[in-house]
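What follows is chain A paired twice: with chain B in the first complex and chain C in the second.
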Partner chain A sequence: MAVVEAPVEHAVSQRRVSGWTVVLAQELRDLWLGGRGLVLCFVFSILVSVIAYLVASSTGFNFLEQRESASLTLQAAITCGGLLALLVAADSVSGERERGTLETMLLTPVPRRQIAVGKLLAALSLWLACFVVAIPYVWLLGRDVGVVDEALVAGFVVGTLLALFLVSVGLVLSVFASSNRISLSVSLFLLLALLAPTQLPSGVEQAWAGELVVNTNPLTAGIHYIGRIVISGHGWSDDVHLLYAPVLAACVSVLVAIFVAGRFMRLRGGVSG
Partner chain B sequence: MSLRRRWAVVAAAAALLSPATALAAGGDDVSVSVDRATIQTGLGKKFVFRSTVRNEGSAPVSGLIAHLNILSLRAGTYVDPEDWSSNRTRYLGAIPPGGSVVTTWQLQAVNDGSFGVYVAVLPDSGVAVAPTTTPTIRLGVTSRRTLNPSGMVPVALGIPALLAVLALAVRIRRRG
Partner chain C sequence: MPAVEAAGIRKQYGSLVALEAFHLSVEPGEVLGVLGPNGAGKTTAIRILTTILQPDRGSFTVAGIQNGRANAIRQKIGVLPESAGYPERQRAEEYLRFHARLFGHSRASARAVADRLLEDVGLHERRRSLIGTFSRGMRQRLGLARTLVNDPSVVFLDEPTLGLDPAGQLQVLRHVRAIASERGAAVLLCSHLLAEVEENCSRVVILNRGHVVAEGTVAEVVRKAAAPRSVRLHVAPEQAERAAALLADSPAVHSVERADGRPGNLTLVLAVRSGESDDAILKDAIRVLLDADVELRSLELEGARLSDAFLAMTEAA
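The block that comes next holds the complex of A and B.
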């Protein structure tokens, strides 16, 4: 029996793999060959250029430590890259719904969970592209103080975790939103709310409540982790507790997004729909 | 108890017992000099100078503290000495009669303008004597303007330009 069942299982798993890869390929074509991804990367590069130039000017005068300038640029790249990936994910279902292309996708014999996986990975590709764009800036700012490797590895790990979290949240919002505008605006508000604790005075962060907020908020925890590695020169495991929130948020949000998309991705938006 | 601390205790005890000795430790028998009178540098540049604390007396001295100070010679320039040097206080070891201790001070020019730099030496007993100071070093810092800090301009302009060309090419290809 086992001999008979094995090829069937193999065929099923092959079909499952090909389902999300087909969606992923289609989404990547739309994003990158459609030109939207490149335009977003262009906007991203202008923003990072301005920030990097300003911090390089300060670094040239030594008002801002070079480690700080590399860290600041990296953090800006992670935040902006995450924002763009979030917006693409937030548009992925509600946008297709409004453009009238969701019906075609839902009629394909690909399970909706696999559609979600394809869309998540396509949105994640924008973060990866943003990270590649940010590499030369970080290299220029960090090469003299020898923090390029640490900055890039920490930035890639933390940025990817945060991007996974954000695109998953964006996809969930996009599934439930009754309109694309709502999906995008709620996503943007959510990101701003998550970033708000970074504006707290340092004294507040020292208090237990402030520390709790910083450590449990995936964005602030991840950004603080990068700061500890790049600016303070801490070891990878010294502040590993700051990675708990990003890792947990990424894992849970991806699972929730796949579950929600499989259960609630419909032609009509809205919570009741 | 470390040797330095032992010297400090001895010096403090001596200061309590004999004000003249304390005075000597803080002033008369100790001379302080610097290796230059003027320094000219650019904004953001690092520079060093050396101070020498010499024991001119016939007895060893210990428990001396050298402290670096910097101030603007012109009104209106804010100076935070901590920004200029992260290690401004040095606790000197015992100096034998006729001996000396050379201290290297590393600074970074974070303001442009004219500044006075000096080192003050005082005893760690805290006895009320005037510190011995070096002659003032006159420091001139010229401002620096660069349009290409850290070689950033080619990257800051090149990457957006490259992405713009790519986006344009994709757009043209789609229309074609």
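The block that comes next holds the complex of A and C.
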């Protein structure tokens, strides 16, 4: 075996390589070429298929109009896609910590904020893939009533805002969690808690307290916005107040995630030390 | 200028003081052994010097860079942590290229560096294999290659031979020596294997309960330890009983034992006599045998090894 040779002059790039792009590229390779992303997308497509089948095919079971079917399928796609992106983000730091690969990354000169940005965007790619998978279903259910374009644009905008919010929350949890299991289970619980107001009876939703909950919770507000566009046929700006919470949540959570990762991404989880 | 210089470093976890008044100095091209029992503070010291942990007190420089400039220090160091994990689904060359890119290499340069280092550590033929298929020894060599992607001035190796078979240990240690001698990098080698440290390190630091209890060359540390010396003798087997009796009566000898199943082997502990050196006491003991025409075939002074000094210092503290 050759002995380690004295270094030849290898050029460290004169053009500054952005750490986050390197991290993002590797995370995308690990997620998609490693197969995990494809498996999650496959699970997602089965879920959306089942939902689309139930809302569209059985007239005995289905009391929904076609607009409602398209909207419901889109909302389910946003929720499931967001969930999968959230879980990938929740695994991104605590998982690496448990697999022992975080330390070598922290030992590189790439600032931790840039590591976080790379991981965050990689997790977001899962939502984008899920959205692409959902397009044919929305087209199939919405083409006869002419809501495909509106549904896809609204779904993409709202879904991306919600996915940004969820992956940022997942990343923050992952930075602080003392184990990967805690990170994943708290993330799942949080998503279910955010979705709980969607089950409020319509009477409660219309009361001022119910309306406040719906409008301030980014998930319910976003889902209601899609409903207004796709089902009620409202214009883009008619219910723009429903976009305040998703936009605010996405912006604030991304900034918080980047700050938290830069400050607290460490070898050990937990809030101390 | 020292490659690493640390002074007065303290680190506390809750009520546990992991390091207290830690100091060291390492010159370029030197291999420094960092020794200590479990929980002595070795890994904490390495993590502080590699900027993973912040010291509560004290300061250090690595490659002339002050400890406040963590990113600049990371650019100059290579680290093989004890608990390093490897992404099972990445290929060896992909893993090295990724790390080279994180250190600022362009795509082409990262590929060239990965190729060269894989060649150096004998993994070039397996460059396209998944890391998940690698043995522990291969992973350690890959980890060693990773520590060199940025051509570091200082290399920190935490238990690099842990869990390796003897052949794997030799391979890794050959690389460690080459890193210091051919690259001129300073190497800090943490290890539990004292023979490994004794053979490969120019100087050693012994840590115990967070304190530096000894430092210097192996000879200096052994001398400072004043380790209780025992001597292993091999005499003609037919004379072993008489030799044991003679030694037992000698004032230079504290106790004598015959090794079971190994005819002719005797282990004796030298007596402690104030004002007399161990060498003089040993000479007296040997003279007893020579005067009685006992055939002395070999002699090994056990207290002169680093392991004896290590035990003396870490058990006494």
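Operating definition for what follows: the second predicted complex is superposed on the first by the 250 of 273 C-alpha atoms of A that agree within 3 Å, B and C clash if a C-alpha of one lies under 4 Å from a C-alpha of the other, contacts with A are read in each partner's own complex, and residues count from 1 in each chain.
The rule we apply is simple: a contact is a pair of C-beta atoms (placed from the backbone, for glycine too) under 8 Å apart; a residue touches a chain by one contact, two chains touch by 3 or more.
Here the structure is a predicted model, which is why all the values come from computation and not from measurement.
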item: Touched partner set for A:S49, first chain B, second chain C, both or neither; value: first
item: Chain B versus chain C as contact partner of A:G100, first or second or both or neither; value: second
item: Contacts of A:S57 with chain B and chain C, given as first, second, both or neither; value: first
item: First, second, both or neither for A:L267, with chain B first and chain C second; value: second
item: First (chain B), second (chain C), both or neither touched by A:L188; value: neither
item: Chain B versus chain C as contact partner of A:L28, first or second or both or neither; value: neither
item: Greater chain A contact set [chain C / chain B]; value: C
item: Which of chain B and chain C A:C251 touches, first, second, both or neither; value: neither
item: Contact residues common to both interfaces of chain A (with chain B and with chain C); value: 34-35
item: Complex contacts: residues of chain B adjacent to chain A; value: 43-44, 108, 110, 144, 146, 149-153, 155-157, 159-160, 163-164, 166-167, 170-171, 174
item: For the chain A and chain B complex, residues of the former touching the latter; value: 32-35, 38-39, 41-42, 45-46, 49-50, 52-53, 56-57, 59-63, 133, 136-137, 140-141, 144
item: Touch list for chain C against partner chain A, complex; value: 13, 47, 50-53, 71-72, 74-75, 77, 79, 81, 83-87, 89-90, 94, 98-99, 101-106, 109, 112-113, 116-117, 119-122, 144, 146, 148, 150-151, 171, 174-175, 178-179, 182-184
item: Interface residues, chain A side, partner chain C - complex; value: 1-8, 10-13, 15-17, 19, 22-23, 26, 29-30, 34-35, 99-101, 103-111, 266-267, 273
